[in-house]
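In the two complexes that follow, subunit A is the common piece, with subunit B as its partner first and subunit C second.
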Partner chain A sequence: MKKYIAFFRLRFSMGLQYRTAAFAGIITQFAWASMEILMFRAFYQADADSFPMTFEATCAYVWMQQAFLALFMAWMMENEIFDSIVNGNIAYELCRPINIYNMWFSRSLANRIAKAVLRCFPILLVAAFLPAPYGLMLPASPAAFCLFLFTLLAGVGVTVAFCMLIYMVSFFTISPAGIRMVAVSVVEFFSGATIPLPFFPERLRRIFELLPFASMQNIPLRIYSGDLSGEPMRRAILIQVFWLLTLIGIGKLLDAAAMKKITVQGG
Partner chain B sequence: MITLEHVCKTYRVSKRDAGFSSALKALFHKEYEYIHALDDVSFTIKDGEMVGYIGPNGAGKSSTIKILSGILTPEGGTCRVNGLIPWKNRIEHVRNIGVVFGQRSQLWWDVPVMDSFELLKEIYRIDTLSYRRNLEQLCHMLQLSDLLKMPARQLSLGQRMRCEIAASLLHSPSLLFLDEPTIGLDAVSKLAVRDFILKLNQEQKTTVILTTHDMQDIEALTSRVILIGKGQILMDGSIENIKKGYHSTEEALADFYRSHDL
Partner chain C sequence: MKLYGKYFAMHLKALMEYKTSFLLTCIGQFLVSFNVFLGMHFMFRRFSNVQGFTYNEVLLCFGITLMEFSLAESVARGFDTFDSMIRQGEFDRVLVRPRNEILQVLGNRIEFSRVGRILQAAAMFIYGFSVSQVRWNFGKIIAVLFMLVGGTVVFTGIFLIYAALCFFTIEGLEFVNIFTDGAREYGKYPVSIYGKRMLLICTFVVPYALIQYYPLLYLLDRGKPYYLFLPLAACLFFLPCFLLWKLGVKHYTSAGS
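So, the complex of A and B:
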């Protein structure tokens, strides 16, 4: 365990040193969030009643999403991992007494958390001081906030576990580009990154909510904004834990299979 | 103790002629060629030996090193390193070996070298006392003191290579694989690395397997040479066997390769 924590620590401290990237990210996310909120405002002005979430809740959803973007965006995968598989640098990592899956998992988790920590505070702070209904409202209750934190962590876990599947599949294909592109678009659409899942038609939404993608950002963001509570929330959390364990399980199986037939490329 | 018996490894390589029409053809029908990287390779290396493993490009050197370090599974044959089958007991096996791939880097690119070392300390669970002792010794022998605080990306090749070698030895492995450790180094760095390897072998009795194209490396370091070509062992003995009658080992070796049609 300790060695994986060491990986976490090193990747985390490494992530903290990219200050300019973080600054640029913050600006982008501000601009993006403002545009999205303005767009929703136009829709809500037309007919606020026909939307499944209140405008306030939608704004909170957008701000939280942008503040914690680094935790959930599937396209933020680690190029170094892909590179090491493609060019064979993985040889070194295989020469260590460690499990590749656990190592990459802790490493990706650290990378996402480091990025989010650097970026979230300015966004949260400014959003909190914006006038209602455009700003970030307080969570529905202290209990809801605790559940938000819990599902936030579980959600990152699901996201990382999903990305791990793609890393692992790269062991079996020569180039990871294709599968990566497909996976990223699928996640974007089905996870509620483009528009929140409640905005989808009822029957579609019911199916979407069973998929692993809904267990990423959808649950914590909606718990925070108060859109998800009571029985549906309990069900959602159960599904989330199920997917977390299942995706890790599948990843571990792929890991075992990859280790058996591995070919390190290049001389 | 390393024993390899009748080890075989075949790679499937996709192949096509250059040009657009053959690319189009390959879209529907792919042709593969099977390359026998290792074809019935056997040898034994005793503890504390220093062995040069040489051969022309594409002879199977790297494949052998990969099999010995547990990251490649051969199709046939048996291999035991200190009683363990490398690819079956990978995690247990790699605890006792150190590997330097001259063409790759194990240091984390954007952080100081020291951070990579600290990570290795945790990975190999080196206790603090022996870690400090090893680090001090390595720093002294490879002159690293000034380099440890620099990010790996800002080191020159020679400086980085010295750090790479140190990184592979922090956990005091009993067996060290060096895959072209002096590639691209200047004369001073080369001599420093050679001296160091020699001392390591003499003082710590570390078994060293060295692959290189630099004949001076071989002459300076190893008494025994295993020569491989087209996946087969062609010679196992002293480099003097080949050198007979030639002035330079380089020429002798080139002639040897030519006479064996390599």
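So, the complex of A and C:
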């Protein structure tokens, strides 16, 4: 366990070095969030009654989504890992007395959290001071806030565990580019990155909420604003924990299978 | 132009060595922009119109904008990796050759995997047309052509700005994405839905509205006749972009070895 915590710390402090990139990212995400909110406003003005969330909750969702982008965006996979599989550097990693799955898991987790820590505070701070309906509201209740933090972490776990599956599959397919893009767009759509899940028709939404993708950003962001509470919230959290464990389990199985038949590429 | 053709053939040959990967990347590209369409589709399942635009009208707008962007992208995406070109000193090589610099930079990287996106743009474009209840006449067909030309020029201009800024910053600036990918993403809806202020910015600062919103009104019989020519006016946007690029080339000091 200690080894993996060391990996986590190493990656975390590495991630914190990229401050200029973070600054550029903050501006981009800020602009992105503003446009998104303006778009939802247009729909809200068109027909407020058909709006499935309160407008405030929607804005909070958008701000949080942009602030914590690095935690949940599936396309932020680690090129280093893909490269090492394709060019054979993986051999070095295999020589070490560590488990590949655990190492990559802690590494990806650290990368995502470091990026998010650098970027989230300025965005959240500015968003909190924007005028009422457009800004970031306070959390629905202290309890909701605690649950938000818990599900946020679990959500990152699910995201990383899902990305791990892609890494593991690339052991078998060698050329990861294609499968990666397909996976990314599937995640984007079903996780509520394209539009928040409540905006989908009721029946589709019920199915979507059972999928692992809904356990990524959908749950924490909606708990924060109180859009998800009570019985449905408890159910959602259970599903989230279930998927976290299941995805890690599948990943470990794939890992074991890959290690048995791995061919190292390159010379 | 012949030179560009040669670059084109070269990249195509290199690519055909990796067919499966190419195919999957194409599908991936296709899916990525298909998501945007699905997002819109489900928004309109819930809302019948947005700021007076119906689903069909927005689809037309989306198809045209996507097509404009994809055309520009297939020409000018080579600027995307321009920062690494500068950092590694490769631009020196470009300068000593007796050919146009822009052409060489663009020829350096042509991505055929964008084919997926272009196909999707074309599909959206055609679909947008078939469901739109526009009464077509000669003027409107000209308007669409103008939009495509104007849009390609404007987006190419923005890619050029991105590259020109690299001369000064050495690093690529991520926030320029707001004006390229962001414009594609949010250009799916007519600019006016984002509010009056946004419309003003998109008219006078970066002329998105001139290639999208105003001519669209013309197509839908809601605009004034002179809206037809606004996309051509948008082409003027290319001038400052080009000047910035020229300034950058002059300012260029070599990096790398």
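Brief remarks follow.
One rule holds in what follows: the second predicted complex is superposed on the first by the 267 of 267 C-alpha atoms of A that agree within 3 Å, B and C clash if a C-alpha of one lies under 4 Å from a C-alpha of the other, contacts with A are read in each partner's own complex, and residues count from 1 in each chain.
As a convention for this text, contacts are C-beta pairs under 8 Å (C-beta built on N, C-alpha and C of every residue); 3 or more make two chains touch, one makes a residue touch a chain.
Only a predicted model underlies this, so the values are computations on that prediction, with no experimental measurement involved.
After overlaying the two complexes on the shared chain, residue contacts for A:R234 are found with neither subunit B nor subunit C. When the two structures are aligned on the shared chain, A:Q17 is found in touch with subunit B, with no touch to subunit C. By the touch criterion defined above, A:M259 reaches subunit B but does not reach subunit C. Of the two partners subunit B and subunit C, it is C that touches the larger number of subunit A residues.
Judged by the touch definition given at the top, the superposed model places A:P97 against subunit B, while subunit C stays out of reach. Applying the stated contact rule after C-alpha superposition, one finds that A:A6 touches subunit B and leaves subunit C untouched. When the two complexes are overlaid on their common chain A, residue A:G88 makes contact with subunit B while staying clear of subunit C. Contact residues on subunit A toward subunit C in their complex (touch as defined above): 20-21, 24-25, 27-28, 31-32, 35, 38-39, 41-43, 45-47, 50, 52, 175, 177-182, 184-186, 188-189, 194-195, 199-201, 204. Put simply, subunit C touches subunit A in their complex at residues 18, 20-21, 23-25, 27-29, 31-32, 34-36, 38-39, 42-43, 45-51, 171, 173-175, 177-178, 182, 185-186, 189, 193-195, 198.
Taken together, the subunit A residues at the contact with subunit B in this complex read 2-3, 5-7, 10, 13-14, 17, 88-89, 91-92, 94-99, 259-264, 266-267. Note for the complex: subunit B touches subunit A at residues 11, 57-58, 62, 66, 69-73, 90-92, 94-95, 97, 99, 101, 103-106, 108, 110-111, 115-116, 118-119, 122-125.
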